[in-house]
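Next up, some structures in C-alpha cells.
After this come two complexes, each holding chain A, first together with chain B and then together with chain C.
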Partner chain A sequence: MGILDVAALKILSSAAVLLFTTALLMAGAKRISTCVYLFAFQSAVLTAQVFATAFVQHSPEAYAVGAMVLLVKVLGIPYALLWLMRRLRTPHDVGTTVGTGNSVFIMAGLILLSFSAVRLYLQDFLAVEVALSAAVALILSGAFLMVTRSKALMQVLGLLVLENGIFLAALVTTFGMPFIIEIGIVFDLVIGILLMGVFAFRIRDTFEHLDVSRLRRLRG
Partner chain B sequence: MKLALNFVQVALLLLTAPLLRGIVAKLKARIQRRKGSPVWRPYAEIWKLLRKEQLLPRDASGIFQLGPIVAFVTTLLAAAFVPVFQNTALFGGAGDIFIFVYLFALGRFFVSLTALDPGSSFGGMGASREALVAALSEAPLLLALTALAILAKTSSIAEITAWTVGQNFFDVSAVHALALAAVAIVAVAETGRLPVDNPTTHLELTMIHEAMVLECSGPSLAFIEWSQALKLNIVAALIMALFLPWGIATRLTPAALALGLAWFVSKIGFMALLLAFVESSVAKLRMYAVPNFLQVASALAILAVIFTAVMKR
Partner chain C sequence: MSMTEDPRVMIQFGFLLCLTGLLVAPLISATMRRSTSARRADAAFIIGSLLIGAAVGAAVLWHGEAADLDLSRLAPFALALKVDRLSAFFFFLICTVSAPVTLFSIPYAQQHYSEGRATWFWVLLPLFVLSMVVVVTAATGFAFLFGWELMTLLSAALILLEGDSDDRRHNAFIYLLMMHVGAAAVAACFFLFLGQASNLTFEAMRSAGASLTANVRVWVFVTAMFGFGMKSGIVPLHLWLPRAHPIAPTPVSALMSGVMLKTAVYGLVRITFDLLGGPAGWTGYVVLLVGAVTAVLGILYALGEHDLKRLLAYSSVENIGLIYVALGAAMLFAATGLPTLAALAVIAALLHALNHAFFKSLLFLGAGAIHHSTHTLDIENLGGLQRRIPVVGVSCLIGCCAIAGLPVFNGFVGEWLMFKSLLAGGELHAIGGLPVLPLMIGVVGLVSGLSAACFVNVYGISFLGRPRTPQAHHADHTPRAMQVALVFLASGCVLLGIWPGLVLRPLLSLVAIIIPGAGTPSELQLISHVLPVLAGSMVALLLASLALPRVKRLTDTWACGLPELSPRMEYTASSFSKPIRSVFAFVYRSDRKIEVTPAEEPYFPQAMSYRSARTTSFEKSFYRPLVDTVIAAAQQLRRLQTGNVQVYLLYIFLTLVCLLFLLRFSR
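Presenting the complex of A and B:
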C-alpha cells in the first residue's frame, strides 16, 4: 500500500474535521463575504474527498464528478455570489436573529446531535461514521443558517451548505451517485442560484433591502 | 545533559522574547508598506528602561513595586513548563496544565493590582477590562488543554507533546482542530494582540494592557514589557508543542537537537508572519464585542471536551 493510498484513506476521515470547523465558523461569521469564502473552502474539502474516493475506487467517473464540483461549487458559485453582493450594494452583515456566540453554541449542539444520531445506525468503523455525521451536521447547519439569518443571500448560502451535506452523505454511503444524476443535481443548483440571484435583485429593487424578516407588506 | 538542555530552553524563550516582538513589529510594518524600526529595538528599549530611575506615584504602596516583579517571575516560571526544541520541559509532572494556566492568571492579577494601586482612573479602567478578558479566556484555555490531556491520558504539557509526536500527521482528530481554534482565540486575548487589544495604541478608549501600565516607569515598566513579550513567545511555543510538535527532537543527539531547533525557528517564523498578517488585516473589536469573541472560544473548547468522549480515541 503506497503512501498515496494511505493519504487518500485518511483524507476521507480527517477532512470531516475541517467540515465541522467550517460549519462552526459560518455560525460565528458576521459578514456574508466571510460565509461565502467559508463555503468555497468547504466545497474544496468536499472536492478533495471526492478525488480521494475516486482514487480508492479507481473510477474515472468520480474524477469527472470531482472536477465538476471544483468548477461549480469552489469557483463558480462563490464568484457569482460575491459578484451579486457587489452589484446589490446592500449592507454586508448576515442579519443575525440569534447572536453569533449563541449560534456557535447551538451549532456545537447540532454537531453533537448528528454524531449521536448517526451512532445509532453505524458502530463498525470510525472513518465512515465521522464522515457521515459530518454530512448530517452540514445538513442541519445549512437549515440552521437558513432559519436564523434574515438576509436573502444567507438563505441561499444555507441552502448550498445543506446541499453540500446531502452530497457528502451520498458520497460516504454509496461512494457517489451515478454520474448522470450528479450532473442533474449540479445543473439544478446552478439554475437555482441563477433564479435566486434574479429574485434578490427584484427584492432589492422593490424594498430597497434584502432583509427577509422585514418582508411583511405587499408592495407593487 | 537533559537538565542543562531544559535550562537552555527556558533561557531561549526568555532571551528571544524581545526579538520575536521586534520581528512581528517589523513584519507588520513591511506588510503596511512602512520601513519599520529595527528588530533589535525591543532589547534597546528594555535595556534603557532597566537603567532608568524608578518614579513612584504619590499614593503608591509597596504593591506597586512588587507587582511587575511577580508578573515577570510567574511568566518565567510558566516558560519552564513548555517544551521548545526537545520533548521535555524543566518542570513537569501530573497536573501541570493547571499550574501553567494559573501562573498566567497570577501574573495578570498582580499587574492589575499594580494598575489599581496608584488610584488613577486609567489604571482602574484598564484593570477592570483586563479582569473581564482574563475571566472569560481562562475557561476556554483550561478546557482545551483538558481535552488534549484526556486524549493523551496525561496532564503534563511535555508528556502531551511526547504523545502527539508519536501520532500520524494525517490522523488529526476533531478534538485537535477544535482545541486549536479555541487556543488560538485565547492566545490573542492572553497576549493582548489585535482583535482584542492593540499593543501599539495609546488611545484611552481602546486600550486594555497599555492603560494598566501607564503609571509604571523605569525597571518596573521593563519587567512588565519583557514579561508581556515573553508571554507571546510562551504561547507560540505552547501552540507548537501541543498541536504541531512534529520535528521536535525526541533523542538527545546533536543532529536531532539541531534539527529540532531549526524546526522551532521555522515554525515560530511562520507564526510571526501569520500574526503580522492577521494583525494588519483585522480591526480591533469593540470592548463590548470581546465577550462574544471569547464565547466562540468557549463553545469550541466545550465541544472539544465532549468530542473526546464521542470519538473514543
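Presenting the complex of A and C:
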C-alpha cells in the first residue's frame, strides 16, 4: 500500500473531525468574516475528501468535481462574500439571537443527535458512518445558523453550510454523484449567491440595514 | 368479415363516431363563421352525434356486445372506455336526453347570449356531454375520475357563462367546493382497491373486489356513499343543488338535473354491485334510510318554493331519494339471498333514473320556455299560460303527470315497481331482517302524494286561471325548436309509460349480469302487458265521452257579489301549499317578521310589511357551525405566520430535528 493510498483512506475516515470542529467554531464565531474563512476551510476539507474518493475509486470525473468544488467553494464564494461585505460597509457582527456560548452547546447537542441517529442505521461501515453523521451535522448546523443569525449574509452562509452537508451526504452514500448533477448543483449555488448578493444590496438600500429579523411586514 | 361480426363492428364504429362528433363539435363552433345558419348546422351536428350514441347505447343494451376504446397510449394515464350493458344504459340515457336539450339550446343561446358568449356556450356544451359520457363508459379508475372532474369544471364554467355577480360567484364557489370534496372521496374510494388490485382498471378492481378485507369494504362503501351522494345531492349533502341549478343556463340545468345526477347513481351501482362483487346487508339499510330522508325532505322543500327552477331542483333531490330507496332495497335483497327481488328493485331504480331524466329535463326545458315567453320564473307571477303557449302547456302537463306518478306516464312504472319490491320486503322479514322495507312503503306513498300536490301546484298556478301579471298576459310565442324539444321529451314520457316493456326487457338482461342468479320477476310481464291495454281503454273512454252529446251552459263565474273577477282573487302557490306546510312546519322553520307602522297603534295600521325567509335547517345547524369551525381553525393557524423569515426557518429546522429524533428513537 503506497503512501498515497494511506493518506487517502486517512482523509476519508478522519476528515469528519475537522468538519465537526468547523461547525462548532462557526457556532461560536462573532464576526461574519470569521465564518466566511471557516466556510472556506470546511469546503477545503470537503475538496480533500472528493480527491481522496477520486483516488480510491480511480474516477477521473471525481477529480473534475473536486477541482470545481475547490474553485467555487473554497476560492470563489468566500472571495465574493468578503468583497460583498467590503462593498456593503455594514457592521461585521453576525447578529446573534442565541448567545455564542449557548450556540456552541446546542451545536454540540446537534452533533450528538446526528451521530446517534445515523449510527443505528449504518452499523456496518465505520468510515461511512462517521462521514454520514458529519454530513447530517453540517446540514443541521447550516439550518441552525440560518435560524439564529439575523444578518442576511449569515443566512447565505448558513445555506452554503447546509449545501456542504448535502454534498457530503451524497458523496459518502453514492461515492460521488454523476458529473452532470454536480455541475448542476454548483451552478445552482453560484446563481443563488448572485441573487442573494443583489438582494443584499437592495435590502440595504431600501431599509438601511441587513437585519432580516426586522423584515416582517409581509405576512398573510 | 363474416356477417355474425357485423353488429359488433357497427356498434364499435358508432361509438367512435359519437365520441369524435362530440369532440369535433366544439372545434367547429370555435372556428366557424358566426351566423345563425352556421349555429344551426353545428347544433344539428351535435344532435346527430348524440342520436348515433343513443342508437349505440340501445344496441349494446339489446345485444350485449361491448364496444371499447383504449387510449392509454395517447394519455399519460390508463384511459380506456368500455360500453358494457350497465354503461350502455346510462350512455343511452345521456344521449337521448341531451339531444332535445341541444335542440332547445339553439333559440336559448340566440336569445340570451352575445356572439362571443354563444361561441363559448357551443364549445362547452358538447364537451360537458362528452365528459358525462366518459364517466359512464370509463373502464379505468383514472378515466372515471378524469371525466368526473371535467364534468364538474365544465358545468361550473357553463354556470358562470350565464352571468356574473357576487351572488352567482358565491353559489358557483359552493358548487365547486362541494364537488371537489366529493371527488376526493370518490378518488379515495378507487384508491382503496389498490391494496389488492395491481392497477386501477375496472377489470383488475373487479377481480380484487372479492378479496378485500371487511374493513376496507366498509371504507370503500363509506367513501363511495359520500362522494357519489355529494354529486347526487342526498340530504344533507344537497346544499349545492338548489343553488347551482337555478343559476345555470336552462338547458344546462336540465342536463345537470336530469342527467348529471344519474352519473352518481351509476357510480354507486358500479361500485357496490359490480366492483365490490355484491353489497353487504347493513349498506342496504344505510342507503334505504338516507334515500327515505332525502325523498321526504326534498319534496317538502320543493313544496315551499315558488321559483320554478329551485322547485325543480329540490324535486330532483326527492327523486334521487326514491332511487336510493330502491337501490337500498336491492342491496338488502341481494345480501340476504333473494336475487330475483333484488333484480326487481334494481330495475325499479334504473328505470326511475331513466324516467326522471326524461320528465325532469322536460320540466326544466318547460321552465326555460316559460321564461322565454314571460321573462319570469316565479310561478306567483304566472297564470293562464295554457291558452297562450299551448304546446308548452301540454308538454308540461305530461311532465307533471309523469313526475306525480300517474298511470300511462313513465313515472308510474318506476314507482309501481318500487312499491312492488318494497311490498315483497315481508319475505325478507320472514327470514330475519329488520322490518324496515314495509315501513318504506309508507314513506314512498307519502312522497308520491306530496309530489302530486307539488306539481298540481306548479301546473295549476302557472298554466291555469288568469294571468297574474302583464308579463304572463302578454306571453310571447315559443320558438319552434323549443316546442320540438319539449314534444320529443313529452312523447318519450308517454311512450315509456305505455310500453315499459321496451326498456324493461333489456334492463332485465342487464340486471342478470350484475346480480348473479336473478330470475325474471313476474311483475315485469304484468306491467308490460297491462299498461298498453289500460292506455287503449283510456283513449277509448276519452273518445266515447267526446262523442256523447253534452249540454253546454255559458254563465259568468260568481264573484262573491263583487263587480268582477280579478287575478288577485286567485289561489297563489303559497296559499295552495300552505296546509301542507303547516302540517310539516317543523321542517321549514321560516323566519317571519311583521312590521306595523305606527307601532303604538297596532289596531289602526297605516302600513304593514310582512317578510318570511326560509332557510333550510341544515344550513343553520349543520353547515354554519362547520364553516365557522374551519374559519376559526384557519384563524388560529394564521398565528404560525409571524412574517419573520427566521421563524419560518425555525419551523423547517425543528421539523428536521424532530425527524432525526424520531429516527433515533423509533428503533
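Keep in mind that, in the parts below, the second predicted complex is superposed on the first by the 215 of 220 C-alpha atoms of A that agree within 3 Å, B and C clash if a C-alpha of one lies under 4 Å from a C-alpha of the other, contacts with A are read in each partner's own complex, and residues count from 1 in each chain.
Here, a contact is a pair of C-beta atoms (placed from the backbone, for glycine too) under 8 Å apart; a residue touches a chain by one contact, two chains touch by 3 or more.
Since the structure is predicted, the reported quantities are computational estimates derived from the model, not experimental observations.
Engineer: Following superposition onto chain A, is the placement of chain B relative to chain C best described as a clash or a fit?
Structural biologist: Aligned on chain A, chain B and chain C fit with no clash.
Engineer: Does chain B (first) or chain C (second) touch A:Ala169, or do both, or does neither?
Structural biologist: After superposing on A, A:Ala169 lies clear of both chain B and chain C.
Engineer: Is A:Leu132 contacted by the first partner chain B, the second partner chain C, both or neither?
Structural biologist: Once the two structures are laid over each other on A, A:Leu132 reaches no partner at all.
Engineer: A:Val74 in the overlay: touching chain B, chain C, both, or neither? Say first, second, both or neither.
Structural biologist: It touches nothing on chain B or chain C.
Engineer: Treating the CA centre of chain A as the corner point, state the angle out to chain B and chain C, nearest 10°.
Structural biologist: The three centres form an angle at chain A of 140 degrees.
Engineer: Does the superposition put A:Leu210 against chain B (first), chain C (second), both, or neither?
Structural biologist: A:Leu210 sits against neither chain B nor chain C.
Engineer: Classify the contacts of A:Ala44 with the two partner chains as first (chain B alone), second (chain C alone), both, or neither.
Structural biologist: After superposing on A, A:Ala44 lies clear of both chain B and chain C.
Engineer: Which partner does A:Val17 reach: the first (chain B), the second (chain C), both, or neither?
Structural biologist: Touch status of A:Val17: first partner only.
Engineer: Touching A:Val156 in the superposition: chain B (first), chain C (second), both, neither?
Structural biologist: Touch status of A:Val156: no partner.
Engineer: Taking the superposed arrangement, what is the smallest distance in Å from a C-alpha atom of chain B to one of chain C?
Structural biologist: The answer for the closest chain B-chain C C-alpha pair is 14 Å.
Engineer: Find the residues of chain A that appear in the contact set with chain B and again in the contact set with chain C.
Structural biologist: Residues 116, which sit in both footprints.
Engineer: Give every residue of chain C touching chain A within the complex, in rising order.
Structural biologist: Contacts found on chain C: 638, 641-646, 649-650, 652-653, 656-657, 660-661, 663-664, 667.
Engineer: Under the touch definition given earlier, write down the residues of chain A that touch chain C in their complex.
Structural biologist: Where chain A meets chain C, its residues are 97, 110, 113-114, 116-117, 120-121, 136, 139-140, 143-144, 146-148, 150, 155, 212-213, 215-220.
Engineer: Which of the residues in chain B come into contact with chain A in the complex?
Structural biologist: These residues of chain B touch chain A: 168, 170-174, 176-178, 181, 291-292, 295-296, 299-300, 302-303, 306, 310-311.
Engineer: Under the touch definition given earlier, write down the residues of chain A that touch chain B in their complex.
Structural biologist: Residues of chain A touching chain B: 6-7, 10-11, 14, 16-18, 20-21, 24, 28, 99-102, 104-105, 107-108, 111-112, 115-116, 119, 126, 130.
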